[in-house]
């Protein structure tokens, strides 16, 4: 099969650009086209539920609205993410923002109450609002658990759902997930500002977060799904948990990963998806595609294309 | 200051090689020398406790014995790692092994019951032993909790200590930590084969793993230490948790990271340590050094040098 | 300044997508938007000549047509590339193709006369045509030099222009450059299949390729330009030559680089453009932007946007 | 085969460390051990000539003395490098130095006459000496060519040899190569400060550097060697030329590359060596090993080991 030269002209739509990438079919452009085609197939397959993992500063980095949209339209069934992305979703839900162009002298930023994530910035004022608001929410949830006879025990996924139900912001990932029966798992939740506040709350209040309890819900989701497709944005714990949870049923049926990590260190974050087949975390014959690139560029690009090609 | 040309000759010791790197002082060689010097200073500083994070397949990749040695000699106070490294420590403790040179066709490996991590392999036979042994241990711990009036609730760190006390292998990271008052934190523990077995066990037995409880121990450790130095091998949750826990007291006093991840995506795994200063996760003026490289090469290299230079 | 969340919807044009990236302004998406804005400014600035460097398998990888278009429309003044890209331009000009999906067993590919560049493939049949055609062209040029009293001596740039004038393919980079007064420099030309044939030709024919002679033309181009903007696709010799040639006049006035190489090794390919300021290869105050990513994805993306925003 | 856990203790020699890496045999440590073993075999094989490629700032970065030593002891037959490394060898030969710890504000460095290569620095004073000295050398060579009836024409390799013969510094790569019948090829020579001075010289003097002429010497070297092993430090033109020159005889018989570049972009710098087999640039069955890492760390490490294991 021939590599067609890319034809780039004025007034192209995103889908026309991806079509050019598909015609070329090689190197990064080919990977993007194949990932986009696979995303369309995954969404169009009515028997396939989609698990999305989200690692790295995706909410601070501008993907909050995209994830919120996928949840609102019930295009994904499960979101597996870090405590940090949950914290930053709530930071925005409570009126905080993420900022840019504030410099790169970290000691000066610290003096000014500014936290830096590459070229994204946060302000301590916003975190103070976050802290006071989340503590109120924990109080409400703790009371509800008391009244329900739960003995103060709740799993992470259920806790996040309860939080989501108490949020006002219509663009909040947590709120939308709670309202649309999308399950959020965050096995490393405690490792975040959310987790820190949770710990502070539990020093004077009864609230036990059960680390194991979520596996019950997750395994039900895996077994209820006829097929599972995974969209893995970044690596880390969210990618691993996404693949590992599918081990229960022989592995995912299709998978897309977007990553900048290398495979040679053996770290799962950069591992080729093929490797998951050896572990029964991806099925034999499953369609797997990796794009090496920055998630904030690549995912919006393939999603903007896929939205034009999915069945309504 | 001048860059001295490297002088490489026969019969060099590791420390002579690092001394050459120090004389050059630039590019990767310079980073290695500075990291090695910092490691010596961190270990020699009697007021400094060392927190080590361990991400990626470090136990499968041959670093189990190194970590075990650091714990045995009480050179580190805290180990923060993944459920996977804990699983693989126990796999070896129960007589299993890690293997090499078994090919790269993942579908064939799957058929043969072999799991692949880059060029490291595991066998399902070994995992079967792991599963039956760890379930026995969970049973013992569950009974002990019942008898102690703990209501079946235990934090991750305490669970890992109880497991360690029940292991026979003198080279086990978990056993050595339990015996030497080294604390192991694994906030994402559930995301592993250990976690999977834990979940299966809890379906018929009472054992509630409290995700938040460890923060109590961790914060005590942070506040009890006059100074804290961090050795961060790989990124991920372990690196984040290491830095975030030090937020409670204004940040680490010194830090070394070895990583192959890039900074531009904003993901913490590849982030420059300087960034931690903005968040008060590293103190202003703290000595921070990053080596870009494969942990299995770089850490043994700097440790072999540092061991010659630390006070007994 | 605030990070705006990306808004991705159906029927987006490429420019609408880049506008979203611009609204976010951070991480990779922000870099893409800034590079695209800078490209527009560079092209719209009538006093600015554009030097483009092209390293890596950009012609095999589908960018031949894009580069050809930029030359045809005289958007670039100078192209600096590798002997390989020149060889592959001619391979296609003589009727050869690049292929895909031919497998990854390199020993079997070799047996079948197939050369592999990642997932792009070439066939030895096409190279045989290339060889016979380029030898005919060398013969014609050699005769012309004899008749002109050049004593058989020609610089690389002039040689490439003479080759271009003898090509029939209207999509050939070499032909278009020759016809449109765009200068092609390839300081490492000899290191390619083109170079190998050149050497074979010179064993029986008089043709001396003067490695130094091009500096005369290049310095004239630099001094004649009021301002110079550089588009550096990939690193290597082409990037270095692009920057170094501008040293003569205090450096480039604006620059975009797209690369996947790391900065820490000190290799110019991954070096931050800021570094060029220390060498007077980029002017103080010059606008410089780096996108970390695959050129075959990123450059078509920003070009498709820029074409909508440049003055006619 | 089993992965042995690394055993790191006091007073280790470099070879003891590499032996541990060999016992482990996996991930980066395994790659280092295999590369070191292969280096020993290559040097010990009396029928094998070694071609070394050197890209990136290896002379500024402290490897000048290592390369000089390999040439002095005639361990390598051919060195293929960039004009930059040749320039920096001469800079030191003429009394200049490379510097460190001079800051990272490139505009301020420029004002102070300091050029930056990552964390290595040069001073314009040293370059001024370089310029005046190299021009004297060009004059001498030009006169010699006139007297020899060469019509002012010389190939790059022969030019570098003539330069080497006129250098006083006993540690100069160029001088040592000239004296020890080691051939230096630098197909991209013109792209450097050396090249710039060469051009300036040729404006008023007759000296024609023949870009093609070296292929004659190089092909003789390839055909005279029974077997060829390649040590490729960094990628770029030097790596490509090393492999491409061996195409003439079916490819290299053994090869080691050390690189930080990724394979996915298709750029040769990061390409797996296996790919060279498809092109007949590496023989079928040839022993090829890649280490992903910083050359300034990895090459001294494996060389320090190999020196203990090679036959005298």
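As written, the chain order gives the labels A, B, C and D, with residue 1 at the start of each chain.
Basically, a residue touches a chain if its C-beta (ideal position, glycine included) is under 8 Å from a C-beta of that chain, and two chains touch if they have at least 3 such contacts.
Because the structure is predicted, anything quoted here is derived from the model rather than measured.
Asks: Tell me which has more C-beta contacts between its two chains, B-C or C-D.
Replies: C-D
Asks: Tell me, please, which of B-D, A-C or B-C gives a repeat of the A-D interface, judged by over half of the contact pairs matching in residue number.
Replies: That interface is repeated by B-C.
Asks: What's the distance between the Cα centroids of chain B and chain D, rounded to whole Å?
Replies: Roughly 37 Å separates the two chain centres.
Asks: State, to the nearest whole Å, the distance from the C-alpha centre of chain C to the C-alpha centre of chain D.
Replies: 25
Asks: How many Å are there between the centre of chain B and the centre of chain C, using C-alpha atoms for each centre?
Replies: A distance of 45 Å separates the two centres.
Asks: Give the residues of chain C that touch two or more other chains, as numbers and ranges in rising order.
Replies: Answer for chain C, listing residues that touch two or more other chains: 26-28, 31, 57, 60-61, 118-120, 260, 262, 264-266, 292, 294-296.
Asks: For a test of understanding, state which residues of chain D touch chain B in their complex under the given definition.
Replies: Residues in contact with chain B: 1-14, 16-17, 20-21, 24-32, 57, 60-66, 69, 97-101, 118-120, 171, 260, 292-298, 300-301, 303-304, 307-308.
Asks: Help me check something: in the complex, which residues belonging to chain C touch chain B?
Replies: 26-28, 31, 262, 264-266, 292
Asks: In their complex, what parts of chain C are in touch with chain D?
Replies: So the residues of chain C touching chain D come out as 55-57, 60-61, 82, 84, 106-107, 109-110, 114-120, 153, 156, 187-192, 195-196, 198-199, 202-203, 207-216, 219, 234-237, 240-241, 244, 247, 260-271, 274-280, 284, 294-296.
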